[in-house]
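Both of the next two complexes hold chain A, though its partner changes from chain B to chain C.
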Partner chain A sequence: MTALAEPPKLDDAAPRKLPLAQKISERWPAWGSIFIGYFVLLIIYFPILWLMILSISSEPLTGFAGDWTLRWYDDMLYGTGQREGEAYAVNSRVFDPLFLSLKLAFITAALCMVASLLIGPILPRVRFRGPLLLGYLMPLMVPGIVASVSLFLFYRLGLHWKMGEWSLGLAHFVWAFPFALLAMLVVASRFDARLLEAAADLGASPWRRFWQIQVPILKPGIFAAGFFGFLLSFNELPFSIFMRAGDITLPIYLWIQSGAHNSSVPLIFALSTLITIASIILTFIAIKVAFGERTVRATDVKKT
Partner chain B sequence: MAVINASGSASVSDAVRVAGGEQILEVVNATHRYGEVTALDHVSITARRGEFLTLLGESGSGKTTLLRIIAGLERPSAINRITIDGTDATLLPANKRNTTTVFQHYALFPHMSVGENIEYGLRVRGMPKPERRQRAEKVLELIRLPGLYERRVHQLSGGQKQRIALARALVTEPAILLLDEPLGALDEKLRIDMQVELKELHERLGLTFIYVTHSQEEALTMSDRILLMRHGRVVQEGPPTDLFERPVARFVAEFMNVENLLDGTIERASGAEATVRIGSHLLRGPWTGRGAAMPGTKACVAVRAERIQLGPAPSHDAQSINHLPCRPGVTIYKGKYVDQMLGTEIGPVKARVWDRSMEISTATAFWWRANDCAIMPVESE
Partner chain C sequence: MALAEHAAGMKLRQFLPRLSVGIWSLSGFTFLWVIGIVVPLLGILLFSFLQTKGIKVQWDLTIKAYEKLFFYGGGPLIGRTIRIAATMTVIELLLAFPFALWLAKGAKNQNLKLITFTLLTVPFFLSPVARVIVWRSVMSVHGLVNTALLDIGLVSEPVEWLIFSEFAVHLGYLGQYFPAMVWPIFLSVALIDDEYLEASKDLGASRLRTLVHVIFPLALPGIVAGIIFTFVPMLGDTVVPQQMGGGNVMMISHNVYTMIGASNFVMAAALSAIILAIMLAFQVLLWAALRPVGGLNNVFASLRR
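And then the complex of A and B:
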């Protein structure tokens, strides 16, 4: 053989494992994040899950699941007194609050959509945008109970106006508008105002520029504002407590019922479950509409 | 002819009268300020029907402001009059003016298809759908993008977007088409193709184009007439050859990329000729400044690198030749040609050599014909 050196052994090809001690010492922050992350999810969602399970259990008040039944849903819809054989009567004790809440939610949603459409696109371009934005978002930071008490004191004791559905609607708007505005701003801050110039340049009147350029492009923001307005109004409790006359919204109904000792308490489990599911679906739609990808057309996919 | 106002638009209006074309645009005495900054300083311009007029200048020269004032997108701080195609447009908003703009950023409507974008100007004019579609398809063929009608805007390439923006502006058949650095966002190859295409389109359609650019090369390629702007004023105005060959001020020569700008003092002046002293050297050339050359004032001799010949000056005709000794400096290979730097007593000079067989690094002298340079004042105005 010649003096040629032997080719080096291909040691590098064999995978080498990280020692466990090193693994832990290097990665414990990540593991901590993972553990806490799951734990937080658990404390948020376990009670909701538990509530859902109990809503289909025959003895929810005992806290033990099992003996599955849809009886509470049945009772909620048709009243507790009426069992098979008797004529079903719609349970107005649940449905009146439900309809009032739906009505308020739709009104709040509409107000939020209009107000955020008019304010949202202009806000990023005005001089005092920072302080203004903070002003609009203040109801998020002021404790709900403080804001609602001040609203109540102003209208009831200051102006001597009678509370009623109008004041509920007003309070819900005050509460929901900051969220609606934020949702609109996500879309509006990406809006290129130069498009309006281009439209004007092509001959579009201010009215057409608004309806044909601004509104269609901001549509996701408008919908998102509406969804948030709807959801926040539908679930709102502290403002409603102060700003109502004798009106009972759904959350107030739930609040009253959960504190009462009577046979209709198990209904709350069923009702809460339905509201939770409806809210989750609505939220998903709202997020999808506001932040979702632009819908991809068939022509995009075909291009290869 | 229209009465000319006192603020000095006389020369421009005269130029139009000489050219004989029908006037389609007149801006009289426009001034615009953004806070403390004067973007446009008492500018008056005119354009003939069918003209390709270029507003040339650096950023901040006021060229885009002027274009936006013509479009109606900017309301000037002070103005006497804007007339567009015989209509007094001074107080008209943008949507009532018979002009359309091609924006540098395209400004295509993202929620509309290509077809809907192009048709938008017709739609706001209340044209029925089938007719609009027909016109849109036709203009798509004109810009050589047939079949893109249904395409979404976000599926287009930069070059396609640029053409769609052009189509959208063309389809309404405006009196004046305004183009605001339309090729600025394209890569070089595409930009050069589009220059030719725009020029052809202009000739085919016979429309009036007002074109804003900072590129002297674009301006030279396409324009019938160029307005070179600086600090909100028009520095020089004329056909491309005028700006290229006869700059009225050092700034113009510099902007038109004249490589050698040699500053000195006027020694003698006689009519169209001037002699400039730089150190111990006297350089002759045609005077291209606006007024008469004043001996003792600062002046600049502008000579392009390709006009400089290496070697001893030919002995005959010495009166019409400028010649200087030199020592050769760096040679810069440029592919098609070679740039030879020369060290001289009046500062560095760049010579461009196309003949590759030439022995350049041994040159000890260089010369150029007096008529191949221009002499102009250092200060503009």
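And then the complex of A and C:
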């Protein structure tokens, strides 16, 4: 009945044009949720910022900033630091894991670019896309340690294959591919399939359609897949724990070093800071490349 | 020339259906993915019912692993892990839902939205260790927070439960998993047509009623997905319990690590299988929640926005 009584009221409520959502936003619950959201974001970013500040402080382990110094960076790079009788000649110990991590990250990035380019454009157009997507995203939903143990048991105990760099690469790919695929899908789902049909009608071979139409249009997605693959592999820890044969990647090195109850290695702060800054820059580039431009211009197609 | 090329193209297309290359690569890749990844993942369920000698597997089904697991105090361990993860999932949901709602329907400033999206995306790509390691020095007995509390005079002696405690693990989880809860809810709320909200209002529903009867059911898939992306990974998180719990808060991941180290593969498999079973149960829930809004395939529509 109230519904029937409403209509006359609607007429005099002329500024009703505002969407309801905006009206919600003008009231207090919105301010509460905004405050909560940004407060949690503060909790996310405070440790990251404080890490950077502490890495140039002289007493980072107390949590107090100040007395600025670059000695931890100096120690990390040249390993000359001497503190309480303990030698901090970490440089060689840092560089081996660093190079292994870089190698794995490049391989993972390449694999992610190829795989997401093969899968991304087709997936939104096949019949079982939902279940397939769920299957591809499975590593996102399973904790790293569970997936890692599963893969380890399958390949080591089931197939008797020795762990090594190949298994690290596989583990990193498994972890990074879902993100790469999602980035590609964001770009690919705006891809107009009619372009391919038009090219086919004009006589372009499948190979030519692929290289001259799909690849140029999907370029942002390919780059994003590569960046994400690189970053996720570079910072990956849980999968690497079991899928290795004594190899130490950079995250594993940091994990071991920081694992001690009262870790006496302020160098970890310096190293983590460098990695974090590099990761943030790369993430910004990836986000800008993949999501910066939402529409494909016709001129992009013509140029090829 | 062009005509000949055209004819060749036509000829080719007669033999190969359109998209065939794509379909081939898709099915080939899917095959490899299923054999190499999905089978091992699900295989752990089977593996937990086997026994091993060294790295040799004995193919007799038995529940010995589970018996041993519970005999050696696995019950409280699993209980604690599930309790902490569940508490934090509820807290994340309560914090993330209003925020995601505002982000999807309320926020009008495009720049602010873009910055917030970026802030919510960047943490996924940072090292989890680097993200929590600072808490240890900030929250320690002689750390920043304790010194501040002592200076203000709120406490007379240092608060010890700020780090290496369950409180610390909860705090670590809060930041680590917030974006994973916000994103799915945001996507599902953003998909809701504004006209539904309009209609609900025109029919005289209060805002609370609109929230409960319109927004909530339509956002349910996002909520369930958010729970999958937070609760399940929390159960197996390696970094937070180790860095924030510091050995005082034992959770599943640490035991899996120790068991593999001790070549006790089957018990590690049993622990992992329990987490996996929980994940699969939530998958069924997600599938059920998605059915009213057009099933899993509808996920792709959300990407287009």
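Here is the rule we go by: the second predicted complex is superposed on the first by the 250 of 304 C-alpha atoms of A that agree within 3 Å, B and C clash if a C-alpha of one lies under 4 Å from a C-alpha of the other, contacts with A are read in each partner's own complex, and residues count from 1 in each chain.
Throughout what follows, a contact is a pair of C-beta atoms (placed from the backbone, for glycine too) under 8 Å apart; a residue touches a chain by one contact, two chains touch by 3 or more.
Values in this document were obtained by computation on a predicted structure and should not be read as measured data.
*Asks:* If you stack the two complexes on chain A, which partner ends up touching A:D192: first (chain B), second (chain C), both, or neither?
*Replies:* Touch status of A:D192: first partner only.
*Asks:* I'd like to know which partner A:L51 touches here: chain B for first, chain C for second, both or neither.
*Replies:* second
*Asks:* A:S205 in the overlay: touching chain B, chain C, both, or neither? Say first, second, both or neither.
*Replies:* both
*Asks:* First (chain B), second (chain C), both or neither: which does A:G164 touch?
*Replies:* Neither: A:G164 stays clear of chain B and chain C.
*Asks:* Touching A:I217 in the superposition: chain B (first), chain C (second), both, neither?
*Replies:* Touch status of A:I217: first partner only.
*Asks:* So which one touches more of the residues on chain A, chain B or chain C?
*Replies:* So, of the two partners, C touches more residues of chain A.
*Asks:* Which positions of chain A sit in both the chain B and the chain C interface?
*Replies:* Residues 197, 200, 202-206 of chain A touch both chain B and chain C.
*Asks:* Within the complex, which stretch of chain A touches chain C?
*Replies:* 2-3, 6, 10, 19-22, 24-25, 29-30, 32-34, 36-37, 40-41, 43-45, 47-48, 50-51, 54, 60-64, 115, 118-119, 121-126, 129-136, 138-147, 149-158, 160, 170, 174, 179, 185-186, 189-190, 197, 200, 202-206, 210, 228, 231-232, 235, 237-238, 241-242, 251, 254-255, 258-259, 261, 263, 268-269, 272-273, 275-276, 279-280, 282-284, 286-287
*Asks:* Once bound in the complex, which stretches of chain C touch chain A?
*Replies:* 2, 5-6, 8-10, 12-13, 16, 18-23, 25-26, 29-30, 33-34, 36-41, 43-44, 47, 52, 55-57, 95-96, 98-99, 101-103, 105-108, 116, 118-140, 142-145, 147, 164, 171, 174-175, 178-179, 182, 194, 197-198, 200-204, 207, 210, 228-229, 232-239, 242-243, 246-247, 252-253, 256-257, 260, 265, 268-269, 272, 275-276, 279, 282-283, 295-300, 303-304
*Asks:* Going by the contact rule set out above, which residues of chain A touch chain B in the complex?
*Replies:* 192, 194-195, 197-206, 208, 212-213, 216-217, 294, 297, 299-300, 303
*Asks:* Mind pulling up the chain B residues that touch chain A in the complex?
*Replies:* Checking each residue of chain B against chain A gives 71-73, 93-96, 99-101, 103, 105, 107, 109-111, 120-121, 124-125, 150-152, 154-155, 168-169, 172.
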